[in-house]
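All chains are identified by letter, namely A, B, C, D and E, in their written order; residue positions are counted from 1 within each chain.
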Amino acid sequence: MYDIVNGLINTTFGWNWPGWVIALISHLLVTTLLFAIAPFQMLFLTYYERRAIARMQDRIGPNRVGPAGLLQPIADGVKMFTKEDIVPAAADRWVHFLAPCVVVAPTMLMFAVLPWGPGMVPVDLNVGLLFFFAISSISAVGLLMAGLASSNKFALLGAMRAVAQMVSYEIPAVLSLLAVVMLTGTLSIVQLIEAQAGLFISSADVPGVPDLGLGWFIFTPVGLLAFIVFFIAALAEGERTPFDIPEADSEIVAGYMTEYSGMKFGLFYLAQYVLNFLLCAIAAVIFFGGWQGPGVGWLYDRAISPANPDGNWVFNLLAGFLGVFYLLAKTYAFFFVMVWLRGAFPRLRVDQLMDFGWKFLIPLTLVNIVSAAIWVALLRWGPEQGITFTQNWTPILRWGVAFAVTLAVNIVAYIALARIFAASQAEQGRIDLDEYRDTLTATLR
Amino acid sequence: MATVIQIIFGLIAALIVGAAVMVVTVRNVIHAALWLIACFFGVGALYLLLEAEFLAVVQVLVYVGAISILILFAIMLTRQVTGEGVRQLVGGWRLWLTAAISALLFAVAIVPTVISHSWNVPAPPAPPGTPEPLAGVAELGRAFVYEFLLQFQVAGVLLTVALIGAIVIAFEERARRRRVLTLAEEHELRKRLAHPPPVEAPAGEPAPAPRATPISEGEVQQ
Amino acid sequence: MNTGKLAFPMPLPAGVGTPSAPGGLEGQTSQEKPVRISVRRSRVDGCSTKDPAMFKTEELQINIGPQHPSTHGVFRMLVTVDGETIIDLKPVFGYLHRNHEQIAEQNTYLQNMPYTDRLDYFNSMANNQAYAMAVEKLAGIEVPERAEYIRVLMVELTRILNHAGALGFLINDMGMWQTQLAFGMREREKILDLFEMASGARMMCNYFRFGGVVRDLPPEFMPKLKELLVAMPAFVDELERLLRENEILMQRAEGIGILPKELALAYSVTGPVLRGSGVPYDIRKAEPYSVYDRFDFDVPVGSVGDVYDRFLVRIEEMRQSKRIIEQIVEQLPDARGGHINPRARQNVRPPVGDAYARIESPKGELGFYLVSDGSPRPYRYKVRAPSFINLTPLGDMCRGYKVADVVVILGSIDIVMGEVDR
Amino acid sequence: MPRLSPEELRERMARDLPGAVLEATPLRVAPPPAHGPQPAPFVTSDTVVAAGQIVEAALYLRDTLGYAFLSDIAVVDYLADGIFELVYRFYTIEGGDGLVLKVRVPRETPEVPSLTPYWPGANLHEREAFDLFGIVFTDHPYLRRIYMWDEFEGWPMRKDFPKQGDKYIGAEE
Amino acid sequence: MTVKIERGQIVTVERGKRTARRLPGMGLLDGMAVVWKHWAGSFRKNQGFNDIHGVFTYEYPEERPKLPEAYRNMPILLYDDETSHELCTSCFQCERICPPQVIHMTQAKDPATGKPVPAVAEFVIEYDACMSCGFCAEVCPFDAIKMDHEFELSTADHQKLTVFKEQLNRPISYYERIAPTMWAEVRDGAMKKLQGNIKRRPDVIGMAPNLAEKIAARRRELEAAAAAATAPAAPAAAPAEGRKLTPEEKAAKLAAIKAANAAKKAGDTVEPPVAPAGAAPADEKAARLAAIRAKNAARKGEAPDAPPVVAGEPAGEAPPADEKAARLAAIRAKNAARKAAEGSDGAPVEANVAATEPAAAPPAAGAATSAAEAATAPADEKAARLAAIRAKNAARKAAGGGSDAAAPTTTGNVDSGGPGASDDAALS
């Protein structure tokens, strides 16, 4: 964006504005664009979800407002805006007011590091991935504020559940990403995407693989397991079924949102759906190559880029469109999976949720990190790191061996941990009456 | 550019100081915690201003995302949440003592830094080729495993020990907690109290308890 | 008979025998506290904490209902929780109370028939049958064979639709976003279409009369019914495939809300709740009424008595009901008599006396007790409502489980507030 | 175990529980009309048990005869005779007809021993009877109104409860 | 002791994993497969009863379900297309059997002789309280009342749900269209009975009032016949039903009907205060008068400069409070009268009925009239209420006195045991 604005102002018009003004203008433009896109995503996702889940239940879904019900979210928004804004008398007014803002702001900030297409990233932070998750953890503060300020038991319970869940599931999410970070050795999201060129085998791992933009991490055992864990954790962070416990309407009416109405309620919804979108997008970016796909790399090679300053801008446009298309297609596909899960699963209980996160997912991700280390050792390390036996292997053989070993490790770990987890769950509810016989007898009598 | 940064720095500093003042003056503990979060945020922004992105992000991740949540949880779990509670601070000379000790500790940390630092404003331009000071992720990581290995390991062990200790305390706590028997467990217990089971009763299988009267026994046994 | 024999035969002294006091107002504590047991007190005494009260969690009273999404109507549960564990639960009724029995005593016998529809508005046909049977018993009216077949057909269809709906609501309470409910409702709609064809109304059927049913089945009824019987196994199989081995559902349902076999009978529960606890008591078999003695069908029972067992028992009962309907379709053409006894007067004026008739309604034993004083209005009209009595063990069943389990346990009992509050 | 008819039940109970079985006096049910045909008196074939011994009788049914399932407790207000009749209905899970115990208590002092300590399932039945008829079940652990609110006065299912008007909307309504 | 059952067995349901799957998570995948199948199948319509896939939504306003013949929603009254005579003969069967008691009717009277005619003068059904049980249609011996298939009755105007004869009337052809076989079963008998009834209906009584031109034509015909016969000109009192009624009139009519019924139940012991002017029984007329006057008084109190209601003006003009007040008054009067009737039957004296002292009270209806006239308080509803209370008290007193005084002489209603007996008679 800086390049475009710079080219437009200083080259085309020849105004020679200083660099920081250009930067300010371009950043403002990008921010405005993102702020326009984010609510649109939310509106579209609500419609998309309702239509998709209706189809799963043999219904049609919203189909009255606009063609095929497309304007339904607009109508809902209008309804939200025109509703009365009720603040409970016992509420902590300022905190109650600030909470939705604190929830929405970080989700918006997360857009800052999300690459949309080749060369289309608002900020290429070298700690982008970390930034993404650091910022996402802030919204927990907002949820807690909402729960505390509402002075409602259900809201408090919901907020506690929500925060506990978000904090707990951040760990497996980050740990699973850590495995991928180990594979590439970078935290920059742009570089993560660029490492996923290739055809089922990343061209970073095996040089000479044709680049069709399909060297996604999902095709490695480490990436597959990391993706599964990350997606489950994303479900929990985005409060989606089967982890939508903070707003389990059958238990604690609407959780932390119970005492909110009107547009404040709408803001919570906005934050939630934008967060879901972002989580799907980041899953697509990290494990499915983001904008990578057949053709994008080829197009971008011929476009104007820092590496290739005298390319053709038409290819810029084409690569951008194709990249955004790939990214959005993957994102919406993941969101469809979220909706699909919502249609197919009941929700877990809150203690089962915690157990699942701490006793199953985190050990699994730890094993996965070990796998990632094996992978890196087999593929990258040489005699200088002390690995000598792979010296004479061809790259494809090294890749194959690494694939087989990590696959075996992961499958064995999955099955073993699942067994252990199931056994511990079964054991948990049991009380050994004989052991406590004397104590219990005293209390019963 | 420098002026802009100066202005931004001034704003952030004002935010930090203002928030810190609010933390110690505001009467509602929850509000105090929220002001503290604002303070953390300002510090993170300050790091960002220093182009220490990693530190800034870690500040947000650790302090805002974790520590403040911990504080809020602690407040929520230990006091009457809904009421505007009176702050439970020590008063009188104890208060002053506490303040003095805190100030002293802070001075111990800050004074050497202040004294030892060469306050060149602006900083001299670094000669090209020198690596960035501990700001980059890679440098930080390398420093942890080479220069500060011992400290890093000690801190890691300490944290692990603390974690294990917390688990132990929680387990003790859980075991100590009042447990409510479910209907089935209570029934089972009463059965066993009335009729001690044979020594080798298979676990999970209710012990065959003889019942007092013929009818109930037969009808449910089928 | 010595006093020792007066104790409950099962080991059931004070704590269970005097249940933890359902109902009542806030702040009212029952005389019998639920059992709370401190385990391993000695181990921590010298340990980490000096002040034992420091870690004591607070007991919190939560009102679930009367306006709560998953209380199946206006029903309130006063829940005392310790953390997330329930230590006491008191159901509070009466928000839908309209004194149905008093209304019925002001009406003539026939006028009560549409009012029975409104008791358990899911199963109006079953309510009609119980009431019609009671009046027929009281007034000595005979029912032709064909009418009995039609009645049984309708009640078995009702059972299928009730279980389809109840399982859907149960799963919905577990948080599965209405998918199973939508599937169940789809099957229910088909059955309601059949009801509409026969009786003219979908839910408030008002189809039964003393001595038969109001009109014969229309000619297009049987083909549609046969079509439905084709779809029914597919529906049940799909339900099983969707949910039966679903790990999340098993986690939510297994071992939750156990009502032990020995206690189920003492708590007077009936229907799938009783059978889920493993007691094979089905009035259709125990005291065959109407023409139930002519059909082959099994009685499914559970083994543990938890939510999962009740879930499975309901699924199996749908299959058995389908079996009965298939036999009805075979036997109906041979049945003699019209749809109603032509000599039965609808404005009955039964002789002085009393009568009790009960049926196995989809929710349990539904009984009507009528006392006649010789006038055209019942002198006493009492409904033995299965949903109401099945709520008796709710408070005890929920004790010791988590808050989130309450809605599941309640959903597995399958209540309809129109019948609970009457 | 052979199923019992009411007559056999009376016989056996008279033998095993002396004094528990009372003679079933015919009831008038309704006040006799001034004109027209007089309704017949209500003669029940079921076993009428003394109010004080209902617990023993019920336990006899359960423990000795095997009728362990308490299905229903109904109350009938025989205003003309000045009594309440409680109808207890017992079944066995082996099937077949149930047995009925009837208890008659005077309308002025309707007190019956509670079955709830022995059948937890009697709890809601008895509370309903208390709420709607004002039958006091002694030894009931939690005898409170169940349908009506606690401050409600009167027993809405009694035959002499006013059918129109109450203290909230006034007799005019 | 084992429980044995016949023709079947006791099966213990099988818990948990049935198949030999050991891989955890397969149950979840199974569930997802089922949902996927539904999603994939949802791009076609549901095929019918034996299909469990496909969209089964009715897109309602455009796509309407086909209602079966037996479908019942709300009762309607039938009239004959050819003669435009109504089938109803006001036999009161439906009114008696109606469980929520929402059917009210008055029988038509021959204006010349004052004798009742087998036709209905006014017929009111309160749709808002109707429970669609269909008893009225079942019990009707003339097949005049049938259940409609129209179900879109929702309205913002509650008053519209009190439905009068004009709106209830449907031609037989309409019913034949919605329920051909059910009509075919009863057609012959119904038409035969109708022919018999038409013969006993003078003038235009019994013709559907919403067919104004038919009535006019019939009247011309009758006049022509009368002129031809040079008979004395019949008093061609235009029946009220001939024109469109204003809401006030409707309300008054309803009140009158209710009051009349109530008075009838109270027994024939009430003496009319004013000389009977017409052929109607005195008490009924007096009650109607009372209701109308009460309403008038209420209106007067409410707004002296209320716009004069023009006949035929749409319903929106009239202040609804008046109707409500009048209606309330009528209902209360009715209740009171019924209570009084019960008291006179010798039923146990109820706790709140204090009217046991026999007094030479002014007759009920007269009291009501005077009370209503006196009540000119500004609050219209209050006035009406007051009037109603007074009327009720008077009625109660009158009934008490009447039963005391006239117990030996009255034979009809009081002896036969009150409302119950009459119901019974109707049913049999």
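What we mean here is this: a residue touches a chain if its C-beta (ideal position, glycine included) is under 8 Å from a C-beta of that chain, and two chains touch if they have at least 3 such contacts.
Small disclaimer: the values here were computed from a predicted structure and weren't measured.
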| item | value |
| --- | --- |
| Minimum number of chain-to-chain contact steps, chain A to chain C | 1 |
| Geometric centre: closest chain by C-alpha means | C |
| Longest centre-to-centre distance from chain E, chain (CA-based) | B |
| Which of A-B and C-E has more C-beta contact pairs | C-E |
| Averaged-CA centre spacing for the pair chain E and chain B, given as whole angstrom | 72 |
| Intercentroid distance (Cα basis), chain D paired with chain C, Å | 24 |
| Centre-of-Cα separation between chain C and chain B, whole angstrom | 49 |
| Chain centre separation in whole Å, for chain E relative to chain A (CA means) | 64 |
| Residue list for chain E, restricted to those that touch at least two other chains | 1, 3, 5, 10, 24-25, 28, 31, 34-35, 38, 46, 56 |
| Residue numbers of chain C (touch at least two other chains) | 5, 9, 12, 15-16, 35-41, 179, 183, 186, 242, 246, 248, 263, 265, 278-281, 285-286, 375, 393, 396 |
| Shared-contact residues (touching 2 or more other chains) in chain B | 179, 181, 185-186, 188, 190, 193, 213, 215-216, 219-220, 222 |
| Chain E residues touching chain A - in the complex, by the definition given at the top | 23-25, 28, 31-32, 34-36, 38-39, 41-43, 46, 53-57, 59 |
| Contact set on chain C toward chain E in their complex | 107-108, 110-115, 179, 183, 186-187, 189-190, 193, 196-201, 204, 206, 214-215, 218, 220, 224, 227-228, 230-231, 234-235, 238, 241-248, 250, 254, 278, 280-282, 285-286, 293-304, 308-309, 312-313, 315-316, 345-347, 349, 375-377 |
| For the chain A and chain C complex, residues of the former touching the latter | 53, 56-59, 153-154, 241-242, 244-245, 248-253, 342-352, 425, 429, 436, 439-440, 443-444 |
| Interface residues, chain D side, partner chain C - complex | 16-17, 29-30, 39-42, 44, 55-56, 59-60, 62-63, 68-72, 74-77, 87, 89, 91, 93-97, 100, 116-125, 127-128, 132, 141-142, 144-150, 156-157, 161, 163 |
| Chain C - residues contacting chain B, complex | 5, 7, 9-13, 15-16, 34-41, 43-44, 47-48, 55, 57, 82, 85-87, 258-263, 265, 278-280, 305, 393, 396-397, 399-401 |
